[in-house]
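Look for chain A in each of the two complexes below; its partner is chain B in the first and chain C in the second.
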Partner chain A sequence: MNDSTGKAIQVEGVCKRYGHVSAVNDVSFDVRHGEFVSLLGPSGCGKTTTLRMIAGFVMASDGHIRINGRDVTYLPPEKREVGFVFQNYALWPHMTVAENVAFGLKLRKRDKAFIRNKVEESLAVTGLSGFEGRLPRQLSGGQQQRVALARALALEPQLLLMDEPLSNLDRALRVAMRRELKKLQQRLNMTTLYVTHDQEEALSMSDRVVIMSGGEIVRVARPLEVYEDPQSEFVADFVGTTNFFDGIVSDIGEGVATVKVGETLTLRVGNRISAAPGSAVRVLLRPERVRILAERREGANMLAARVDFIEYYGPTLRYTVALPGGEALFVEAHDIHGSAQIGETVWLSIEPDHFRLIDRKGAPAS
Partner chain B sequence: MRSPDIGTAALRLFTYAAMAFLFFPIIITLIVSVNPREFILPPSGFTLDWFKAAWTSETFVRAMGVSLILGIVASLVANTLALLAVLAMVRYDFKGKALINLLIMSPLLIPTTIFSLALYVYFVQLGFGGGIPALVIGHAIHVLPFAARILTASMQNFDTSLEEAARNVGAGPVRTMLSITLPVMKTGLISSFVLCFVLSWNDFPISVFLAPPGWTPLPVELFTYIKFQYDAVGAALASSLILISGIAMVVIDRMAGLRRVLRG
Partner chain C sequence: MKARNAALLLAPAALALTIFVILPLMWVVRTSFNHTVDGAYMVSAFTFENYTRFLGSGWYLVNTLWFSIRVAILTTAISVLLGYPVALYIAGTRGVQRNVLMTMVLSPLLIGLVTLVYGWIVIFRGGGLLNSLMIALRVYDEPVRYMWDLKGVVILLVYIGMPYIVLSLLDSIERINPSFVEAARNVGASRWRAFWSITFPLTMPGLYAGLVIVFTLNFSAFAVPLMVGATDTQMIGLVIYREALLNNDLPFASSLSVIMIAANATILLGMSFLFGKLILNRLEAKR
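Now for the complex of A and B:
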């Protein structure tokens, strides 16, 4: 069934409209065989609707969906042969764990011995051996989650779709399950499309992340690229915390631009977008890319700042500092024994390459 | 401010009085049906003679059979129709939904006697007057709103992702309905069925108008009997009806919790 393009899923110009409301608008992306791709975005961004269109629970208003090269856009869900794990698990409450897992196999009229082996195997893979006779309501959330996964895996789907499968679990379990899920996916080499609003989940599990907002795709990239080079204010803000400065490019050096922000602040910024002098840009800076120093040293960007607020997060400290021009800035430091106190003046050291530049559309160029 | 003790005591007294008022006729009926001295109180002893007479009377046993079959068939018809209607109304938006809902609920708005007379006139005009189909249809329409209310609640609580999960693993729409939807809604379906059965079992006006000769349901037979006979066999029969309804209510309560069903 594998076609020559190596694409497990091809989504081409897919739209979903409810009356005049557009939930998903002209979305296109591919998932390659064996790849783990996340659809990431805030609630209402269209990521779940997109996933449900691929599973066939929602019909696309426009565009095409191909699974292993086969056009499934108008196929009912039972003809699509994809695994699906629901956010609320959707286990059938009147069936035992074993019956839940066996249901799809029985529909395929496999013989009894085969079904028994397959159910046993799927439950073993998900760590549920011995729970065969339980009813879903007798299981914890994490166990129910595993049953949902076992039910999908029992049919050996070429493609696994997951809709926020971990969002109903508490944090410790979520992190453990995340790792387990990823290991399993790698071991089975299972092509996976994973919907989440949790950036940490998306970054830690995915080969590639598709970021959606307002029914449209804003970025498709590897996790590292998404975080380190967000390329847009939305991505920078949604994935992690980001400081923003609006400025005008005043001078261009070799790969480095000088950006004037307001009256008092001048930044030396790595220029990877080839911004021209005079152009309006937005400068992005991750809080953990700033070094806090007690005294002035030599460096490309050495800024004096006043500490306004300190939050202790355990592994890190977050300082809210104010620059002389009044700009507020988040700084994250690992050195929790640092001596900076509220009201003190500190020095901030920032490497030019740690800034990211994006075009500021609509801003007047001087 | 009044003392809370007096308030609580007054409320308790009122509650007991109200319950006594409601239960009194039932208790009297039960006492009379085991009292050897026909209708003369206080009872002089305990006897099951009246029950024996009632349950060995061919007329009454036949009437019970008629009521039983009628109740089952009418409940089946009403619940099947209600289930299909409720499926459409809970899951889809369409023009005329409010109107259809009103139509289904309308038997609740019309006094049953008027409604029965209207049905009788209607069936006569259609050319088959009273008869078994008319009787079944009448009872089914009468209990339909109750079935619709219970099943609506049941359907609204139904998590549609259970159906999506079934479709996802390869079940078609019909298979999904039979293997997932109906079994998951089992409690609601049984509750609805039992309530409909009890309503049909106890109905008098519809049966009076629509029952054909030889197909007289129990309440009508009972009425005919006590019109002419002044003995406690009637009371024993009434007690039997009460007990059967009571058992049905216990069944519902065990299955679903009576409160949930009546809140609908």
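Now for the complex of A and C:
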């Protein structure tokens, strides 16, 4: 069934408008066969609307959606042959677990023995054997989630769409289900498009992440690239925690540029600099990329700072420190022994390569 | 002490129920065994003659009890057939449109019954608006007898029963999570199939509540058959009224009341069993 493009989903210039309000604006991306792609963004960013347009629950106002090369933009949902797992599971409350899973097979007029086997097999895959006769309300949230998954898998869809399927579970279960889901997806080589607002879920499960904001795509990249090289302030801020400095490029040397931030702070920033001297840039720095030292050592960036606040997270400590110019900075450290106290002065060491630069559009390049 | 304080909350209602329902009902049951002398006054007795007079008479059984059941079934069924699509439609509206529609649906409950019936008479009587219009449009030539006929009774009972059906169905429809229907569409169900397999079964609690109310009201209807009925629309409520207030035969009226209540209870029990078996037992919280 694979068409020549090798694309399971192609979303091309898709828009969704409600009156004058634009929920999704000119969104384009692909999902390849066997790939796990996440749509990640804050609530209201249009990720769920995009997923629902692919499933056919919402009609696109503009653009095209192709599934395995076939244009499905105007097809009703029942003609699209995609699996869908809902955030609230959407199990039919008047049907047993087995009836829920069998419903789609019955609609396809498969014979009884086939349906029975398929239901058994799907429930076995999701670890629910023995629950056939239960009603949805007699199951826990995690079990209901598995039934929803079994119901989708029973139809052997070429494509699985999931709308925040784990967000109603408590944290421990969510993490366990995340791993299980990913393993299952890999075993079945199931093309999956997964909507989530949880960056941890998106980073840990996906082959690629599509980040959305305000109805538009901000970035499409592998999880590692998204985190390490956010390329925009929104991505940097939404995925993980980031320190920002607004500065002016003052000098570009051999693989290292100098950025002046305010009156007192000068940063030595590593490679991949496209900005010309004098241009306004925003410098991004992940808190865990800063080393915190008790004494001054040699280094490209060695900054004195005063500890203002300390939060203990278990595996890590987060310091809020103030630089002499008044800039506040988050620093995350694993070493909790001999840690600094509030009010003490410490030294921060930052490798030039750990900074990321982005343009500050419209800022004066004085 | 908490339980006792809570029980106190029920006291006023329990008192009212005892005075206005339970005691009169006991009195009715007792009276139904009394004897009427020369169709004029009642003497205390313990006789089944009032029951045998009704149950032993084929005419009463067919023209009153069975007739009332048939009218109640017919009018309830028509109310459901008309009310279900209305409830579905209203569930999809909001704002001003919804308020206008709700007001229209509820209007029979907002206007007094007598005003309402006389309004309908103006429209449906021999030379009324409907007949004039139909004759003018040449749909038919002779005026059709709507009022003072079974047609009028059915039309009015349907009209008055509709709001209860629509309201109770609307409540059920709006409880249905929209993703239930989407999930059905997703696994291959057409709009039509999703309705019959998902939406319809899930509205059974509302349909059942509406059926119970409307069937009971229509089975025991008295004002509507009195005002627009004819000699051949002897619904049981009307017969009770006539025996009690016109013929002054309280024992016979009482026995009819007991039979009416028993028949209604039997039918409702049957309905409860049927609906329970079909679907409600699955939907009810049972842990």
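The rule is short, and it goes like this: the second predicted complex is superposed on the first by the 363 of 366 C-alpha atoms of A that agree within 3 Å, B and C clash if a C-alpha of one lies under 4 Å from a C-alpha of the other, contacts with A are read in each partner's own complex, and residues count from 1 in each chain.
As a convention for this text, a residue touches a chain if its C-beta (ideal position, glycine included) is under 8 Å from a C-beta of that chain, and two chains touch if they have at least 3 such contacts.
Quick caveat, the model's predicted, so the values are computed rather than measured.
**Student:** Will chain C clash with chain B on chain A after the two structures are superposed, or do they fit?
**Tutor:** Aligned on chain A, chain B and chain C clash with each other.
**Student:** Look at A:223 in the shared chain and tell me whether it touches chain B only, chain C only, both, or neither; answer first, second, both or neither.
**Tutor:** Once the two structures are laid over each other on A, A:223 reaches no partner at all.
**Student:** I'd like to know which partner A:135 touches here: chain B for first, chain C for second, both or neither.
**Tutor:** second
**Student:** Just checking: does A:41 make contact with chain B only, chain C only, both, or neither of them? Give me first, second, both or neither.
**Tutor:** neither
**Student:** Answer with first, second, both or neither: which of chain B and chain C does A:247 touch in the superposed model?
**Tutor:** In the superposed model, A:247 contacts neither chain B nor chain C.
**Student:** Answer with first, second, both or neither: which of chain B and chain C does A:88 touch in the superposed model?
**Tutor:** Touch partners of A:88: chain B and chain C.
**Student:** Show which residues of chain A both chain B and chain C reach, each in its own complex.
**Tutor:** 55-57, 76-78, 80-84, 86, 88, 90-94, 103-104, 107-108, 151-152, 155
**Student:** Per the contact definition, I'd like the list of chain C residues that touch chain A in the complex.
**Tutor:** Chain C residues touching chain A: 177, 179-180, 182-191, 193, 197-198, 201-202, 279, 282-283, 285, 287.
**Student:** Across the complex, what residues on chain B touch chain A?
**Tutor:** So the residues of chain B touching chain A come out as 159, 161-162, 164-173, 175, 179-180, 183-184, 186.
**Student:** Can you check the complex and tell me which residues of chain A touch chain B?
**Tutor:** Residue list for chain A touching chain B: 55-57, 76-78, 80-84, 86, 88, 90-94, 103-104, 107-108, 151-152, 155.
**Student:** Sort out for me which residues of chain A touch chain C in the complex.
**Tutor:** 55-57, 76-78, 80-84, 86, 88, 90-94, 103-104, 107-108, 135, 137-138, 151-152, 155
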